[in-house]
Every structure is written in structure tokens, then in C-alpha cells.
Amino acid sequence: MFEHVLSFIIFLPIVAGLLLLATPANRTVARFTGTAISLAALVLSLDLYTKFQATGHLEFIENIPWVESLGINYSLGVDGISLFILMATSVLLPMVYFIFSTKEKGYYANLLLVQGAMTGAICATDMVLFYIFWEVMLLPVFFMLGLYGGEKRLPATLKITLYTIAGSLLMLAAIIYLGVSYHAQFGEWSFAMDKMANLNLEGRVAALAFFGFMIAFAIKIPLFPFHTWLPDAYTEAPTATTFVLSAVMAKIGVYGVVRFVLPVFDMEFARYAILLAYLGVIGMMYCGIAAIAQKDFKRMLAFSSASHMGIIALGVFCMNVQALTGSIYQIVAHATSTGVLFLFAGVLEQRTQTRSIADLGGIAAKAPVFALYFAIAMLASVGLPGTSGFIGEFMIILGAIKFNTMVGVLAGTTLIVGVCYMLWMFQRVFYENPTPQSEGFKDLSLVEGLTFLPVIVLIIAMGIFPNTFLKKITPSTELVFSQSEPAAVHTAAVTPVQVPGLNLEKN
Amino acid sequence: MIHSYLYLSIILFCLGVVGVISRRNVFTVFMSIELMLNSANLAFIAFSRVHESMDGHVLAMMVMAVAAAEAALALAVVILLHKHKSKLDTNVFSLLKG
Amino acid sequence: MFADGLFMLFAVLAVLGAAGLVLFRHPMNGAMSFVITLISLAGLYALLSAKLIFALQLIVYAGAIMSLIVFIIMFLNIQPEDLPKEEGKLLNILGALIIVAPIGYFLVKIVNRLPNATTELLGNNFGGVKPVGLLLFKDWLVPFEIVSILLLVSLMGALLLAGKKKEVSK
Amino acid sequence: MTNDLMLLLPLIIVGVGAIALMLASAYKIINNTSAALGSALVFAVAFLVQLSFCLKGNAVLFSDTFNGILVANTFSKGAGLVILACGLFTSLSSQTYFKQNDFCSPEYYSLTVFAASGMLLLTMTQELISAFVALEIMSLAIYILVGYNRKNVVAAEAVLKYLMLGAFAGAFLTMGTAFVYGQTGTTQFAKIGQYIAANGFTQSPAIIGGAFFILVAFLFKAAAFPFHAWVIDVYDGASMPITGYMATGLKTAIFAVFANFLVADAQLHAGWITFLFYVSVLTMFAGNLIAIGQYSLKRMLAASGIVHSGYLLIALVAVSTEAFSGAVIAYYLAAYAAGTLGIFSALSYLSGKDEKRVTFDDFKGLAKVRPYSAAAISIFLLSMAGIPPTAGFMGKFYIITSAIDAGQVTLAVLGIISSVISMWYYLRLIINMYFYEAEESFADTVPSSLASACTFALAFCVFAISLYPLAI
Amino acid sequence: MEHSVTYLGLIPLFPLMGAVLIGLLHVFTCNRRKLPEMLYGLLACVGPVLSFIMALKIFFALKGMPADERFLSQVAFTWFSVGDLHINMGFLADPLSSLMLLFVTLIGSLIHIYSIGYMKGDKNFGKFFSYLNLFLGSMLILVLGDSPVVMFVGWEGVGLCSYLLISFYSDGTDNVLAGNKAFIVNRVGDLGFVLGMSFLFWGIGSHGFDYMSLKANVHHLAPGVALATCLLLFVGATGKSAQIPLYVWLPDAMAGPTPVSALIHAATMVTAGVYMVARFSFLYAHVELAGTIVAWVGILTALLAAIFGMFQEDIKKVLAYSTVSQLGYMFAGVGVAAYSAGIFHVFTHAFFKALLFLGAGSVICALHHEQNIWKMGGLKKKMPKTYITMLIGALALSGCPPFSGFFSKDEILYSALASGHFGIWAVGVLVAGMTAYYTFRMMFVVFHGEPRDQHAYDHAQESPAVMTVPLIILAVGALFAGFLNLPAIFGGDQMVSHWLAPSVTEHHPHTGLFVEIIAIGASVVAFLIGIKAAYSRFGKGAEEPNFSGFADFAYHKFYVDELYDAVIVQPYKRVGAAIWKTIEPNVTDAPVKSVSTLYMLLGSAFKILQVGYVRVYAIYMIIGLSVMSLFLSQTLN
């Protein structure tokens, strides 16, 4: 069975989720199943992780022909890049079942479905298969948001769904364009991701296809100015959904850029990277600054998440191995910090029945363990050295400086922007004097504390011993740039689009 | 000359179209459609003459058959409509809209 | 020349009949006017050496179909107040003519580009019952056969839509 | 030779079945239920026969028996399969529908089968006037079915609109046929193709004009812009199962004959690409824009049917005339039919007596009361919206692939944009079903019935079809 | 000689482990039964003391080596490695860091002990010590780190602790705000640091990013990049060490408990910037312009802070501004390439400033947390030990020979003069006079004259031994530390300078004895003038003055805080609100919204077109046909 381990990790949750939906199981059964299945997926993933060889190439490959006339295969595989996002998914999702115990059956079933679909999108190495999982993972989110979300959930649900689907359908066109181009250039049909790098794409249509991909991913990430669905969706969604969205799903957007855009559209990427990088930086600052004006802590975290995603995306656009590795690392770091902060926000909301920052205060004194956990996650999120957040952020800034001085300098401001709103929020919620809502605040229970503990430990471990993790990532990220080496020669001839007045020439 | 027949066919066809789109009387509308079919038949016969083949005649017969069938059904519908509203105005039947 | 004269006559009658159909307010008048068109068309078919069709046009069209229509018009006993009040009918028709003009222009243009041909009467039993019948049962068997289904359906339709209400059987 | 003639067997079964049913009902041998089951049996047998032909490979009906008028190829077989399946599901869901509505008589089922025979003929015919007659068989049967509820003025209005405009379009078809005949002296697709190949498309003005009128008639039946306006009202006025039947079987037949005609010659096809390009774009957008304003589900589905016609037109634009297999079109039709029929069979048992539940708001909270039905409807809607892993997605995928492969990138992108727009009204129903509290209990609906069995079978089909790999 | 050792990492590890242990104990018990304070106190002191012992061991180990091979290093593990970027979790002990180690651990230990007394009875006793230990661990990482990145770990770590400790009394909004301010302002500096590191890395980092490799490759660095790097790193230093323009957080930081002010905001953390510049001396020596800028920024900060210090009424604020001012001196020192002088001033300053703060803390404790000097007075009778030790500290701060401050400050001023920076020297002398003035203003007002608040005075009493003993030890340091670097003119051999020589890249200008005498003379004169002025004004008791004119302006710190608030903070908040309330819905989201509006609009338009009249539908068809016919007619030609 081990050669099909990826399929198991993908379809175990999906099948379980569908079964839960199809049978009249009650919520206890559902929760138990969810917990068991997600833990099983975790065990399989950990096994996979230990057996991962870090060759830089795809491992655990599965390949079953599907639509042979078009060269579409059911093909899976992981390399260092996808492994980490896969691990983040598998490690983080089981937590949800322990924390929020009073939800309906559909809640757990949808969580299982989204887990399977996301894993599928991460592991798929055929573009059509990827697209299928990519779309499928939106559906559970749609239902969770619409069924279990907050008061203003419906507009938010519609917005995220339509917005995301709009983007991804454009990507579908681009995917098909690639397949057709491959057919035209090599005489055979294929949608295999690794073959696409051989394509020689030029001209206006290629640029359009590039943007087809980029817009889809930019919406998912979300990159400024495609982020406007995010605040509402993150705020109105039930905690677990927000968690899934921010911790994993957004990352798949970044992953998509690395996996599909970077190797295939090397010319376009070189040409437009500077623009995209500016979008990343602007988004980081824009959302970071907007976060300070929020009165609702969940919405503030939503903006914070968008802000961080800007910087993570930037790392990909910088086109050097440090920034890219930093991005991948930051993906996991962000999942463990901001993602978990959303869970904490859920705990806060559950206990105080409010999301307003002004209604809270003095929680640090009432709940020291919670405050400690929160503070650690928060510090990781602002990139304090010694936590997971620093390594990635540092490498991204480092890489950005090399890419473009101005971008690098602006990227550096993330150090300041993030800390402003976070400290402000922490002050209002955890410090100062208790309010009526936070008066009876109970500290984390033993189960909750133990559930969060692995992540807190992970945050610190990733800050102190990053290299154990990076060892598995770097072969793959280095390969990304060595593979496009011949391309790099002719991308040197590509003149990047000029952003007037902003291109600081480095000495 | 054969063109004259064709022009006539076109004129009748256009008159049929005009009848359909300008009149509200159900009967007139249906008869206008019959007129269009007839103009097509004229064209068939004319072209048949051009090719000196009788396929066109067969085709015209088919069209006649279809026209008869349609006419039968159309009249049944007219009766049905008349039963409902006692009106022959197509504009009366605009419950379905928007 | 005689044929041309006949053509002109039939053509004018046909157009007038058609115009009458479009213009007359009462369907009965329209139907009568339309019969003129049908009969003129029959004459034109004859001029085009389509003997069988000439006969069929008179029997089936002008005869059967039109009598049916006229019968129904009578059957419904239409009073003038049942007729739609078509204010601005002429304007409507004028507008319709303008809208239709491009289609007519297009068709005329096509016809102009087709080679012209003579319309002298053809002998050799062209368009007679036998050759047409042979053709019908040899080459055109399929449409002929399926027309029977069509008529069957039409029959059922007339029955079901206009017939007396049957008791609903469960 | 008999082996070849065997290919007509489904058609014969259907035709004989129709007449038998007609006679049986005329003599009151059968009641409604047995008529329903009888027609279903006819469809099922024909379907299985057709399926066996489909699986058997590329047997082609020899062309000279019927003077080349009837031909069976992979496309006609595939389309026929879809039509027969449509008929089967329509019959079955009608049975349930008429448990709540009382205007049925056994002739209804006979007409359903008659319509199917017309549709099958349309898929096989390779000649214009036979196509016209087949079209009329199908249309006439459908007209009657639309107006079947004689007590209902809305149904009468629907049949008026349909019949009047249908006959109007039919007149264009005859005129077009006349012109094509005038230029070529024949009405057979193959010979028309030969003529064009010999003389050139642009050198044949009457073919341009004639084909134009013929296309107009087909486009009318396919509800393409600007010939789409009737669809909404007619679907609205017809009863649920018939609406489903019209939307699927009829469309399948029309697109089959449309494609068969269009691929008669490469020049003919090429000559209409620009025309079809604009028509398909306008069709998609007009359909979408109509759909968003609708309150009634049937009207929305009618409008969405217009949009799907637009997609099929994309496929028509992109077909290859050299190696035409019609696989993409047939696949899309099958996928679309599964979704649409599924929805209509679900509505057949959910809409209640006299179709009292047809608007979006009527289905608020359905998921709370009838979770499985709501789930099935959601699956159909998602399939129509083209969300993977449903058949609708794969269908759209194949269409877009063929379009881009044919160099029609703009068209593909516009198609995709239209499918984004269409998302809204599909989601709207899902939102209504899931995200609101139930306002009523749907207690009057038939709990387990043939229609619900159809619904779930079709929901299964939606996934099964999506997994079926298509050889383009 | 084996330079690789395995015990360097232990030095920060001891306090860090203490921090974790105490922190966990506190977190899990604070809302239940309280653990005895002594337990925390003992646990807290173990780490620093052990570290101090290790520091001594290292010091002597280095001492036993030949002068130019004095370094010990340890690579604990590869921290992260991507492409060219290869960062070890490595530690480096060389003369510079060992000196820092010594006094950081010593003063740290003393302040831990002092805090046991000072924090007695606080409900968050454990938390305090956990933070304090964490701080010490971070500071030691900062000092010991063998590469800028590892240093940055400590650098941010101390910033975090500073934040945590400033907002220690977290139920007071002002305290938390001060903490926020400190963290955010520090972050601005850290931005400079990170960018500086990045420039440095892309300049010369690919051959190793530790100090040794950097030093070896520094000549490859392009001049422009070098200057940018220096300045960016200095931005980092201005944040951490409270220089213009980022000094604003330090006075506010006095909101934290007094031992914190002593340890973090006077003795150790704030000098990290100076240490960093000294650490990068190879780089700064490479770019003269950068040094000059550093020196000028430093001396101007010194001047500005001295002016502010002259008008403060809060005893801790006086000391805070004096700290800023002294830090300015240090930067002036390292700026003129007198790194050992700068570091020496760091060293002496640590003693006397810690002493002063702890003394102030003792006073504050005695007066039940009264910090306004105008409510004190005459305390010398009540608190003789505190008075005497603080007097020593004050003399050292004012630069009175032969106290430690005199030697170190004089060394800096002399270096400035000797290297030709006359302006810096002149300002430095002026500031020296002002220093004497505000220091003794404070001393006179607090300890001399009559009590201004009789009630408080009556209840005041000398602090317990756990507080006074560290005071005495520090006083000894403040008295004698200066002799460690006794210049030749006084017969010394400049031990510290020679000790540091292998670590820092500096050139000792050789000037005549004359210049040296001028420098010393000027300093002494300035000190005397300053103390005379203070005595004449405050020596015999004075009432709280009402400020006007320039004094009022200076009393309000030139309104710099208000300026920053108006120019940066408020606009930032307003931009945030504007983005959220205005830009987001009306600009960013506008395309989305308008698309959906257009969509709905078109939808209703098409709904209207479905009029329901069959005739109209036929007209649609015919219009369509006509349009198409028109087009087709064109193609027929």
C-alpha cells in the first residue's frame, strides 16, 4: 500500500467525509470519525515525511492514465515544496476536531472533504488533476461558510466563491492552452506538470495564459488588489474554516505559482516579476495598515493574514533561492502562527461571545496559559527570531534585496507594520483591565492546552532548528532555479517591465 | 425567366415574414407562415425547373405534408386558446414573461 | 409571350393575395385573399412544368388545408370584438417591411448571382405523376415514410389539444 | 447487410413502441402507470441495443440503401444513446409527476416516444428535407406535450409561442433548403459537401443564403441568440418532465443534425465560423443575463439552457471537419442532459401539485428537510456550472480544449467568462436550499418514487460520466 | 591552539533555561496556589551566576592565549542553510565579547539579587524573573553570536524582553503603551539592521557570514554598499541605543520596574548598539564617512538628551536622559574610531548607571513609589547607604576624577580631539558640563535640603541588605572600574584598550601630551562649572520651578513626542482608517462591486426584454436575421 500512500492521504478524508454526509450519523460519530481520519492522515503523512529522501525531485509518484487521448493522468507526487504544505495540512487540521466540539455533522464532514481536496491539490502533478482538486476544495468552504458562518455570511460566501471561481476558471483556460501548446510543439497530448517546463512559450497569448494562472493564484493567495473577498470571508467564516483558509488554502495559491508558473512561464515571470513583487509589497503594507483600523479581532487577523500573504508571495516573485525557500518556509510558519491565531480567536469568541476588541481586556491575568500560547503565536507572526516566523521572513527580505533594492526595503517594513497592529491588539485584549465580557474568562482546558501544545512547540522548534526542515525543502527549491538555467540564459535578454521611478539600481 | 419566379418567391416570403411580425391575429399569423412555406415551395419548383430534375417536386410535396400537419396542430391550438380566452389576439397570451 | 403574360398575371395576383392576407383585419378576408395566392401559385407551378404539384397545390392546399382553416374560423364564430384591436397596424407593417428589407435584399442579391434560365414548358412527362411517384418511392422513401409518422403525431395532437376532454384515467 | 440494418433497430423499436402505445391508449388497454412503464421499457430496450452498438465499434450504416438519407456513425450513435436515456428518465419521472398532477393520459407516453423517434431520425439523417420532417415530428410531439395540460392557460400560451415561432423557423428551414437545392440540385449533406468542395463556398451564393436560413432554423431550435426568447416562456409553461425532455433530448437531436450538416464540407464549416463565433458569444451572455433576473427555477433553467447552447456552439465552431467524431459534442450533451434531467426529475416530485413550488424562494431550506434531494440538486447545479469533478466540468473542459486546439482562444476565454457569470444563479439555488431555514416541510411531495430514483441515478451518472475518458 | 570549545553556548542557555522553568512554574501556578518567592528568586539567580562564572572562565582562558589569537568559538549546529546563505548557530568569544560578557553577567546577577528585594510581594513575581532571565539569555546571545544573524536573535530577544518588562504592570494603559512604543521604535531600528545584513550578505556574505569571514572579505565590499550597510546597521543601533531620531522610547521605558531600567535601559541592552558598531569596527573603519555620521549623531544626541535632562522632574527620567546622553558619548567614541574608548565607556557606564538606577529604585521604594524629585528632599539622613553609593555614581557620571566615568569619557573626548573632530570634542565638553549640572541637580534636590513631603519622608527608611549590597558592589565598580584603562598620562597601561585591540580595528592617533592635557583640563573645568551651577541653584534647597521660554520648551522635550505623534502615529492610524473605511470599499473593491452592479443591471435589462409577446420574439428573430443578412450581403460581392 505504500506506493499509494498519497492516494490514501487524499481519499481517506474524502471518502470518510462523503460517507458521513451520506449516512445519518450524529455529530458525535462525525466528530469521532473526523478526529480518527485526520489523525490517520497525520500518521501516514509523518511516515511519508520520514521516508522522504529529499532528492529535490518528485517522490512517491503515482501515475494512472485517465483520459489517454488528451494525456491526462491521475498522477501524484511530492517534492520538498509540496511536502511541507502537505505536512502543514496534516499536522494542523486534526487540532480543529479537538477544539470545537459542539458543531454539526456537516461541519466535520466538510472539514474532512476540504482536507482531502487540499491534499490532492498539493500532491497532483497533472495540471488537470490539480485543477479538479483546486476547485473541489472550494466547495466545502462554501458550505461551511454558508452553513455555519456568522450573521453576514451570505454576501461573504458569495463573494469568496464567485471571486475564486472566476479566477480559477481563467486558470483552466490557461491550463488548456498549455496542453494544446504542448500538443502543437511536441505532437502528443500531455498535461503533466514536469513536461510543461519544456514548452517554448512566446507572444501575447502566452502572456495571457501567464496572467490566467497568476490571477487565479493571486485571488487565492490573495494578492493585492484581489484581496477584497478576504476580510469578510475570514471574519464571517466559522473558526475552523478561517483556519483552513488562512493556514492552508491560501498557501496552495503560492504553491501553485511555484509549481506551475515559475517553471513554465520563465520568460513572462522574469518580465512581470517586478510588478508582482510590488503588488506583494503593497498588499503587505496596505493590509497591514488597514489592520490597525479594525475593531473586530478576527477581521484584524484577516488583514494580518493578507498582509503576511503579500510578503510570502513576494518571496516567490524574487526569483532567487533564498527568497523562494523563505516563502516555502514562511508558508508553514504562517500556518502555525497566524493560522493558530485564528483558532485562538475562535476560542476567544466562543468564550466571550464577542469579536470586538474594545469589549475585551485583561485576559492575560485571567488565562495565563492562553495568553502565553497566544503571545508565542503572535510573536511568531511578527517574525521574532527564535520563532518560526523569523527564518522565512528574513530569507524573503534577504532575497528581495537582491532582486530589487526598493522592493527589499519596502518588504522590510513588514517588521514594523506587523508589530504595530499586533501589539495594539494584544494590549487591548490581554493587557489592561478586564471588561465584563472577559471577567469570567476560563483558561484553556487540559485537552485544549495539549492540542495546541504541538503547534506551539513546532513554532519554537522551527525557529531554533530550521535546518532540519530546510534540508528537505532546499533541494527542491534549488532545483527550481537550476532547471530553468538554460531559460535563465535567455531570460537575461528579457527586459523586465519598467516601473517608473521605483527601480533602484543596485551598486 | 426563372429569376422572376425567384423574385416572386422572395416577395411572398418577405410578405409572410411581415405578416408574422406585424399582425396579432392568430389566424393571420398562421396563414402568413403558410405563405412562407408556399413561397419556399415556389422556389423548390422553380429550382427544380432549373435543374430539370423532379427532386424539387418531391421536396415540395413533403413541405406540403408538413404544412398540413402543422396547420392541423395550429388550428387545434387556436381552438384551445379560444377556449381559454375567447380571443385571437396573440398579445393576450403574455402571462409568461420577464 | 403568353407564358410571360400568365406569369405576370399570376404573380400580381399572388402578391395581391399575400398583401391582402397581411392587411385584412378579419381572418376570414385574409383566408380568402390567401386562397387567391395559393391558386395563383398553382398556376405558376403549371408554368414551371410541375404538373403533379399543380394538382396537389389545388387539391391539398387550396382545397383541403384552406377549407380546414376557413372551417375553423367559421367554427369559432369570431365576432369583430374578439379580434385584436390592432391600432397602428399599418405602421407596424411599415416597420416590419423595413426590418425585413435587408433579408429580401440579401435574397435578391443571391438570386441575381445565380445563372438565369429559361422557363419553357418541358415535355417528356416532366413533373407528371409517374416519374415523380417513382422518384418518391425510390430515392425519397425515407422522408415519405417518416411523413406518415408526422401525420400520425399531428393527428394525435389535434385530438388531444382540441378534442373533447377525456376522463382522466389513473 | 442485415448486420448494418441492425443499426436501425433502436429507431424501429422506438417507432413501433410509439405506435403500439398509441394504439394501446386509444383502445384504453393501458392506464397511465403501465403506459409510463411501457414507454420506459421501450426506451430501456432501445437504449441497451444502442449501447451494444456503441460498444461494438465503428459499424456504419451503408449509405446507398436509403439514398444516403440515413446514416449511422459514432456521433449519431452517441447522440441517440443520450436521447434514449433522456426519454427513459423523462418517462419515469413523468410517472411520479402525474401522481401529483392529474392531466395525464396514456397518449402522453406515446408522444414522448414519438418525439424520441423524431429525435433519433434527426441524429441519423443526412438530408435536409428528411431533417425537416424529422424535426417536425419531434417538434409536433413536443408541442403537444407542452400544451398537454389543457386546463392550464399558461400551457396553452406556451404551446402557442412555441408552435408559432417553431413553424416560423421551419419556414426558414424550407426556404434555406430550397436555396441550397437551387444551387446544388441536391439536399443531401454529402453531395452538398462535394459540390462545395468542387465549386467553392464563396462561389456559391445560394448555399451561403440557404445555409444561413438552415442555420437560423437550427439556431432557433437550439435557442441561440437572438432566437432564444421563446425558450424561457415555453419552458415555463410546460410541465416539469417535458421541460427536462425539451432541454435535453431535443437539444441533443438538434445539435446532432446541426453538426452533421456543418461538417459536410470544410469550407462550409469555415465559412460560418465567424458567424457562429458571434452567435455563440451572444448566446452565452444573453442566456446568462436573462438567467440572473429570474425568480422561477424553470425560467432560470431555460435561460441556463441557452447558455449551454452557447457552449455547444463553441464546440461546433471548433469541430474538425476532417476527422469529425462529434465526441466532444455528444459528451457535453450527455453531461448536460444528466444535470438538467436530474434537476427536472427532482423538481418533478418536489414541485408538488400543479407545480406550486417553482421559484427560488420556494426551495428555501430544502436541505434541512430533504437533505438527499437537496444534495442531488446541488450536484446537478454544480455539474451545470462546470465545477469538477462533475460531468459538466469535463464536458466544458473538452469543449474548451477543442476550441483552443482549433485556435479559438478568444472564444474559449469568453466561454469561461460566461461560465463565471453563470455561477451566480446556480449558487443562488444552492444557497437557498442550504443556508436558510426551512419554511415548509415538503410533506406533500412523494417520498420515494421513480422520479427520486431517477434523480439519484442521474446524480450517480454525473460522476460516472465525468470519469469516462473521452477520445477526442 | 584549540579555539573550538563546547561551553560557549551554555552561557546564554543557563538563563534561558531559568526563564523557561520559572515561566512555566509561574504560568501554571499563578492563578492557583502561589509558590514561595524565595523559590523563584533562587531559581532566577542560579542562571546569571552560573553564566558569570562561565564568563570568568572564558576571560581567563582568553587571557591565557597569545594576544592575536584570543578567540574561542563554538558552532552549536547549522541554523539554516539555503544556497549561499549559510548561518550557524555559532558563538564567538573574543576580547570584545568576553569583556561584555563579564559585566553583563556581573551586573545582571547583581540586579537579579537586588530585584528579589525590590519586587517583594508583587503578584507576578515569577513572571518578572522569567522575563529577566530571558532578557539576560538574549543579551548573552547578542554578545556571543558569531554572525550578525545570531546577534540579531539576541538583538530582537532583548527588545522583546524590554517590551514585556516595560509593560510589566500591564493593567496601566500608559505602561503598555510605553512598551508598545519601545518595541515598535526598536523594530524601526531592526528594519535597518535586517536591511544592513542583507546588503552585507549580498556584498560579501557568500563566503561565510560570520564575523571572521566577513572581516577577511571586507575589502571586497563595494564602497557604496559598504556605506549603505554601515548606515543601515547604525539605524539599527539608533533604535536599540536610543539615538536621534529613535531615542523617544527610552524615557517612556521608565514605566517598567526600576531594576529593569537599571539592567536593560541603562547598563546592558541599550549599549548593544555601541557593541554592534564595535563588532563591525572592521566595516566602519572601512568607511570613514559612516563613522563621522555616527559620531555626530551620537554627540548631538548627547547634547539633546542633556538639555532634556536638565529639566526633568521624574528621578528616573533624569537618569533616562542621562543614559541617552551617555550613549551619545559612546557613539561619538566609536564614531571617531575609538572603539575601545567607546566600549570602555559602556563598561564604566554600566556600573555607575546601574548604580544610580538602583539607588533611585531604593529611594522610590522607600517613598512608596514616588518618583517626582520635587516631592523628595533631605533623604541623606534617612538613607545614608543609598546616598553615599548614589553620590559615587553621580560623581562617576559627571566625570569627576578619579571616578570611572571620568576616565572613560575623557578617553572619548580625547580621541575625538586627537582625530581632528574638533566640533565633536567641543560639544562633548559642553555636554560634560551639563551632565554634571543635571546630575547634581538631582542629587541636591533628592538628598539635600528640607523634606518637601513630610509624610513620605517620615515613612522613608533605608532599604534592606538584599538591595543595598548590590549597590555597594556597584559603587565599588563605579569607583574603580576607570583604573582598568588608566591612560599613560596617569601612569596606567590602558589595559582595556590593549585587551580589546585584537577585536576591534582602530588606529590610535599619536598626539602630543599637550592635546591630552587640554582634553583632560577641559573636561575637569566643565565638570566643575556644572557642579558649581547646580550647587548654587539647588544646593540649599529649592522649590519646584516654573519653566518659561526655552526652559519650558526643553521641559516639554522640544515637543518631539508630540511631533512624532502628529507626523507619524496619527497619520498612520488615519491612513489605516482611511484604507478600511474609504479606500477598500470605494477603490480597491470598486471594480468588483461595479462588475456585480453592472451584472445585475444587465440582468434586469434582459428581463425587461422578455416581454412575453410572441410577436416581439419574432421581431427579435427578424432583427437578428436582418443584421446578419446585412453582413452576409457584404460578403457576397
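Each chain gets a letter, A, B, C, D and E, in the order it is written, and its residues are counted from 1.
Operating definition for what follows: a contact is a pair of C-beta atoms (placed from the backbone, for glycine too) under 8 Å apart; a residue touches a chain by one contact, two chains touch by 3 or more.
Given the structure is predicted, the values throughout are model-derived calculations rather than measurements.
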Those chains which touch subunit E and also touch subunit A:
D
Between chain pairs D-E and B-E, which one is joined by a greater number of C-beta pairs in contact?
D-E
Going by C-alpha centroids, which chain is farthest from subunit B? Tell me that one.
E
Core chain by centroid distance, with centroids computed from Cα atoms only
A
Taking the mean of the CA coordinates per chain, how far is subunit A from subunit D in Å?
42
CA centroid of subunit B to CA centroid of subunit C, Å
6
Distance from subunit B to subunit A - Cα centre to Cα centre, in angstrom
64
Whole-angstrom distance, CA centroid of subunit C to CA centroid of subunit E, is 102
Would you give the residues of subunit D that are in contact with at least 2 other chains, written as numbers and ranges?
129, 133, 136, 140, 143-144, 147, 150, 159-161, 164, 168, 172, 179, 182, 205, 208-209, 232-233, 293-294, 424
Residues of subunit E that touch two or more other chains: which are they?
607, 610, 612, 614, 618-619, 622-623, 625, 629, 632, 636
Where in subunit A do residues touch at least two different other chains?
none
The chain pairs that touch are A-D, A-E, B-C, B-D, B-E, C-D, C-E, D-E
Per the touch rule above, subunit E residues touching subunit A in the complex are 23, 26-28, 30-31, 77-85, 89, 149, 152-153, 155-157, 160, 163, 167, 170-171, 173, 176-177, 179-180, 183-184, 187-188, 190-191, 194-195, 197-199, 201-202, 222, 224-225, 228, 572-573, 575-577, 579-581, 584, 588-589, 592
Complex contacts: residues of subunit E adjacent to subunit C:
619, 622-623, 625-627, 629-630, 632-633, 636
Over in the complex, which subunit D residues touch subunit A? Could you list them?
375, 382, 386-389, 393, 397, 400-401, 404-405, 409, 412-413, 416-417, 419-420, 423-424, 427, 431, 434-435, 467, 469-472
Which residues, counting only subunit E, touch subunit D once they are in their complex?
599-600, 602-607, 609-610, 612, 614, 616-618, 620-621, 623-625, 628-629, 632, 635-636
Under the stated contact criterion, what part of subunit C meets subunit B in this complex?
7, 11, 14-15, 18-19, 21-22, 24-25, 27, 30-31, 34, 37-38, 41, 44-45, 48-50, 52-53, 56-57, 60-61, 64-65, 68-69, 72-73, 75-76, 78, 82-84, 86, 89, 92-93, 95-97, 99-101, 103-104, 107-108, 111-112, 114, 116-119, 122, 126-127, 131-132, 135-136, 139-140, 143-144, 147, 150-151, 153-155, 157-158, 160-162
